[in-house]
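The structures considered in this document are given below.
Both complexes shown next keep chain A, but they swap its partner, so chain B is in the first and chain C is in the second.
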Partner chain A sequence: MPHPMPQQSGVSKPMPKSSGRPNQLFRNLNSKIALTPMILVAAVVFFGGTIWTVIYSFTNSRLLPRASFVGLDQYERLWASSRWIISIQNLMIYGILSLIFSLVVGFVLAALMDQKIRFESAFRTIFLYPFALSFIVTGLVWQWILNPEFGVQGIVRSLGWTSFTFDPLYNPDIVIYGILIAGLWQGTGLVMCLMLAGLRGIDEDIWKASRVDGIPMWRTYIFVVIPMMRPVFITTLVLIGSGIVKLYDLVVAQTSGGPGNASEVPAKYVYDYMFQAQNLGQGFAASTMMLLTVAIVIVPWAYLEFGGKKRG
Partner chain B sequence: MRIRAFAAVLAATAALPCAAMAAELEVTHWWTSGGEAAAVKELATAFDATGNKWVDGAIAGSGSTARPIMISRITGGDPMGATQFNHGRQAEELVQSGLMRDLNDVAEKGKWKDIIKPTSLLDSCTFEGKIYCAPVNIHSWQWLWLSNAAFEKAGVPVPKDWNEFVAAGPKLREAGLQPLAVGGSAFQVNGLFDTLVISLGGTDLYNKVYKDKDEETAAGPEMAKIFAAADDARKLAKGSNVQDWNQATNLVITGKAGGQIMGDWAQGEFQQAGQTAGKEYSCLPGLGLNQTLTTGGDAIYFPLLKDEAKSKAQEVLAETIVDPKVQVAFNLKKGSVPIRSDVDLAAANDCMKKGIEIISKGGTAISTDQLVSADTQKQKEDLMSEFFAKESMTPEQAQQRFASIIGSAD
Partner chain C sequence: MADVSTLNATGAALDAVRTELASGPRGKKPRKVLSRRNVMIYGILGLAALYYLLPLYVMVVTSLKGMPEVRLGNIFSPPVEITFEPWVKAWAEACTGLNCDGLSRGFWNSVRILVPSVIVSIAVASVSGYALANWRFKGSELFFSVLIIGAFIPYQVMIYPLVIILREIGIYGSLTGLVIVHTIFGMPILTLLFRNYFAGLPEELFKAARIDGAGFWQIYGRIMLPMSLPIFVVAIIIQVTGIWNDFLFGVVFTRPDTYPMTVQLNNIVNSVQGVKEYNVNMAATLLTGAVPLIVYFVSGRLFVRGIAAGAVKG
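The block that comes next holds the complex of A and B.
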């Protein structure tokens, strides 16, 4: 969000008072008033809601929130539940792989696009197109493609390879990869576009200089261009990261957690226990654990990223 | 027909401002499969005939999709006129916190206490001496639906009970057929398992586990037999790649699968497909073994409303539901058993008559939805769907986890 520049704002100018030092509180009053609703919403909805959820995760609330505290019972039950463990494992597999693949594939695609190829805009449109679909539609499309009777397996078998087997959505051991394929198909186009924008922001002179020095193209990419694209990478990471944590609709559309509960994810555990099992306490405990996981990843990074800058 | 319906709607809208009695009532439910939708239409027509207007609020998907929507509408301050829940404890906390209205006047006027059978239905509507719901129908889980054509193709006689069915499994596989059709959603395997408990293990075992919540019995040798049977079932079910229960029923209807364990609501699907019991398909109540049916089913609950006209209409709807004629029309279409025994069901088919006979003989047990909380049901669903999907999970491991769920059940 762009910060208003207080020094240049015309509003604060007629403020000087006899006391000499202007009151910090009333500086730039207009923009402060304009921001108040936003601040209130953030405070009440985000912080208030979060704190409320954490507090009620220590209660035995069922269908309706009830303030009767039971200590860590909900958390003990949560970590004893095999479904929760499976959910966490799935999220780790999906998260790590989707982070690596969407960055690598997205960057490679963008680098290829950047070679002044013909029909670039046509390719760009094709690659970005899946992003225009919601996760629900993506999930349904891939459910059909991966369906053993109508999808890839069926087509290959009808061509003559009758023993060909490819049914990730019906095999508990690899189902999460079936979901990963759909997730990558949907999300890589956006990563590519961001990367392409980053690549276009690199000065031509850098390329000229590296060519003069005789550095091969791949080395220029890895050692010069990528470090220069740091801000783009951070934006992309945040986008991919938030997509991973909230993974829910894709799973619901593709497998609804099945077969068995082999493709469950934490967000679905939260929803199912809050609304289907009518056990708010358990759902709150699970969502608090999700928050904690995100915090463990984000806080040290944010400290390094922003804390360091102030001092240096 | 079209024009008449249109005129009726016009008349209803025109009459609305002047007639204080008539009101629009939104009714939410998850009766969306073919047979169910036909049954709802009967109920809606009967309610419209009273001068009020039924606004259909069907929510697609199974109950587990629909219930969260209903509950959040009620707790969120946007209540519908009336809503479906299963008999049991799904609306328990809504009633406790005063979000639902009682139907005492209607129930007393209609003498519900005398006519509604079995009494456990009304018991689960009752909270602190007041009646909060109108039972609609009785459904039982303990049915094995068989495709006669499939067994003919496999060259084996149609089984008479579960044991024969299991024995016929390999033959069905050889003939390229799916022995047991089971959909992927969790409530199906959970219901299947509970059916095995009562039909193979007997009513005593069922009551000890689900009513008394006895952890020792749940971990004991009697239950071990049930888990061995569940292991058979999951082997027979391997390969049925469908999701919804009616898709699984469809495999039986089309003769692609030998059989399905599903509640008597599956019957509506056979009827919709134009099939007759005994000819194209067979049914085995209690899986052909223990002739006891659980009396679950559906009830309509009424949220507390401020609008007086709508509150009146709620009472009218409650009366309509229990009305003998409506009971017959609704339940024939839905394939379920009426909640009163004083109605004439000559038009019922063979399977339904078998069910009615068992219930009138007193072969009933209380359904698991009434005995355990939604939370416990969900934990069981998680366990059963994992067990059925993961072959590496042994029956012993599953039983161990089952026992601990029962131990902490409420």
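The block that comes next holds the complex of A and C.
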């Protein structure tokens, strides 16, 4: 990375340090002007906004934010609410399964694509196009395919297997798996792409060496290639992980949280309480919990990734 | 262990030499097209491709059927009688609440949101990235780090303070407000993208321009901008698909008559009143998905590059 700054100031104005640099603020002024939007966004919206929400989660704000603090009341109410508990459970099920499945499916597809196959770009185009679509479109399509009357269930029944039941969107016990199917359809293409890039980064000599040693291919993958791809896996994990917490549009489109509130998720809880139930305090508390969840995922990663480098 | 593998290796190497010496056929061993391995690879990939293509197929097929046929047949069968009526209806007549002018309203709203948002967000982010790469000052990297960490914070945490800020300025609910919101939340990933790109350009160019007396904006406009067309295309792809597909900001920061297409689509399909017209719904869904799909199929490899960089945002 270029560090042109010090040299330039040295070349253009070799002024003695003792003169106190009167124009410290105006040095590099254009750059400061150019970065004003970024500084405002970072300081006011991202930093300030987050702090504001966390602080106001300790108040009993309802229609409008009010600074009357009630301690942890909102959090107690939050964790006593069955809808929140369901939201958290759904997020856990969806999160864990979608991590496992998208990593496994994504990696297997990438490994197959890496076998010097023909039509590679056609396959890639097919696997990745759902990622270009919005969650709303994804949710609505799968709502239609999983429609019990006309969709998969209806077809299998019309083939003669009349007791066949597959109606995830209408059965509270399995509705989250119906959403998972749609979510995986949308997102695995991206994982496949990242994994494929990782596989292409593996030195050809590794493969030659393992072939010479007579190691079967699957063992090379598991014991040599996957450990070598650790950075790719971590990046993917962080990407999927931070996406899962934001799960919102897909649920809204596919089930609107139903049947009942069986497919509620935290992000929807936040939106509904902030903008519809006019219970801002609950919304702030719930969004703070979301922040905490993300922090649990991100902080260890950031520490390993960036803290480690500093120490050498 | 090591010894055995070395032995194996030597053995294999010797074998290789032996076959080389024997005057047999040369070149690679020809592969059978229908080997078990190939059948398995293409079989699995083909099945997976079917799974991925199925929803697109179902959308197209359903949207071309009339309602009686939808009710009778199954969703996978091709239309007996192709009709474009559902498309016309979805575009011009479908109802959300009291408005019955179809998705066209949402489409134009989305266009009106998209164009300024893409231009403003990319302009701001490219200048920021350029300043961060070439004109650092004390503290600039600190704010950049905050920005990047902010990319991981769920939107729900920052959305209400932003509503208050926009309301105070008096642009909450207006198009300007939404453009600002898209600029803000597009900033982390785009700034990162541009910063890394500009930092990768040869430093000598920058220095030469400095010596010739070019200033901040001159270097940006005359040197950096003309050299960074590819990265601008990647940024445009990220923003066009991202903003078009946005739902949350559309719901929070606009009023019903300026709802973007995604929001209107959801309202049309998930409205509880009236008879469900599945063919119209699917036509509407396809219409909404068309813009990002076209971007995807036209841009090809650049899209892959874009999402590899832009995935953080999703």
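Methods note: the second predicted complex is superposed on the first by the 267 of 312 C-alpha atoms of A that agree within 3 Å, B and C clash if a C-alpha of one lies under 4 Å from a C-alpha of the other, contacts with A are read in each partner's own complex, and residues count from 1 in each chain.
Following the convention adopted for this analysis, contacts are C-beta pairs under 8 Å (C-beta built on N, C-alpha and C of every residue); 3 or more make two chains touch, one makes a residue touch a chain.
Everything numeric in this text was worked out from a predicted model, so none of it was measured.
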First, second, both or neither for A:242, with chain B first and chain C second: second
Partner chain in contact with A:82 - chain B first, chain C second, else both or neither: first
First (chain B), second (chain C), both or neither touched by A:194: second
First (chain B), second (chain C), both or neither touched by A:256: both
Which superposed partner A:276 touches (first chain B, second chain C, both, neither): first
Touched partner set for A:202, first chain B, second chain C, both or neither: neither
Partner touching more residues of chain A, whether chain B or chain C: C
Contacts of A:97 with chain B and chain C, given as first, second, both or neither: neither
Chain B versus chain C as contact partner of A:174, first or second or both or neither: neither
Doubly contacted residues of chain A, that is, touched by chain B and again by chain C: 147, 256, 271, 275
Sites on chain A touched by chain C in the complex: 1-5, 8, 27-28, 30-32, 34-35, 37-39, 41-50, 52-53, 65, 108-109, 112-113, 115, 117, 123-138, 140-145, 147, 150-151, 154-155, 158, 185, 189-190, 193-194, 197, 212-214, 239, 242-243, 245-246, 248-249, 252-253, 256, 267, 270-271, 274-275, 280, 283-284, 286-288, 290-291, 294, 298, 302
Parts of chain C lying in touch with chain A, wherever the complex brings them together: 5, 8-9, 12-13, 41-42, 44-45, 48-49, 51-56, 58-59, 62, 70-71, 74-76, 124, 127-128, 130-137, 140, 143-144, 146-147, 149-150, 152-162, 164-165, 183-184, 187, 191, 199, 203, 206-207, 210, 215-217, 241, 244-248, 251-252, 262, 265-266, 269-270, 278, 281-282, 285, 288-289, 292-293, 295-297, 300, 303-304, 307-308, 311-312, 314
Chain A residues touching chain B - in the complex, by the definition given at the top: 62-64, 81-83, 147-149, 167, 170, 172, 256-262, 271-273, 275-279, 282
Partner chain A, residues of chain B touching it in the complex: 64, 67-68, 71-72, 75, 90, 92-94, 97, 184-186, 241, 243, 373-375, 377-379, 382, 385-390, 401
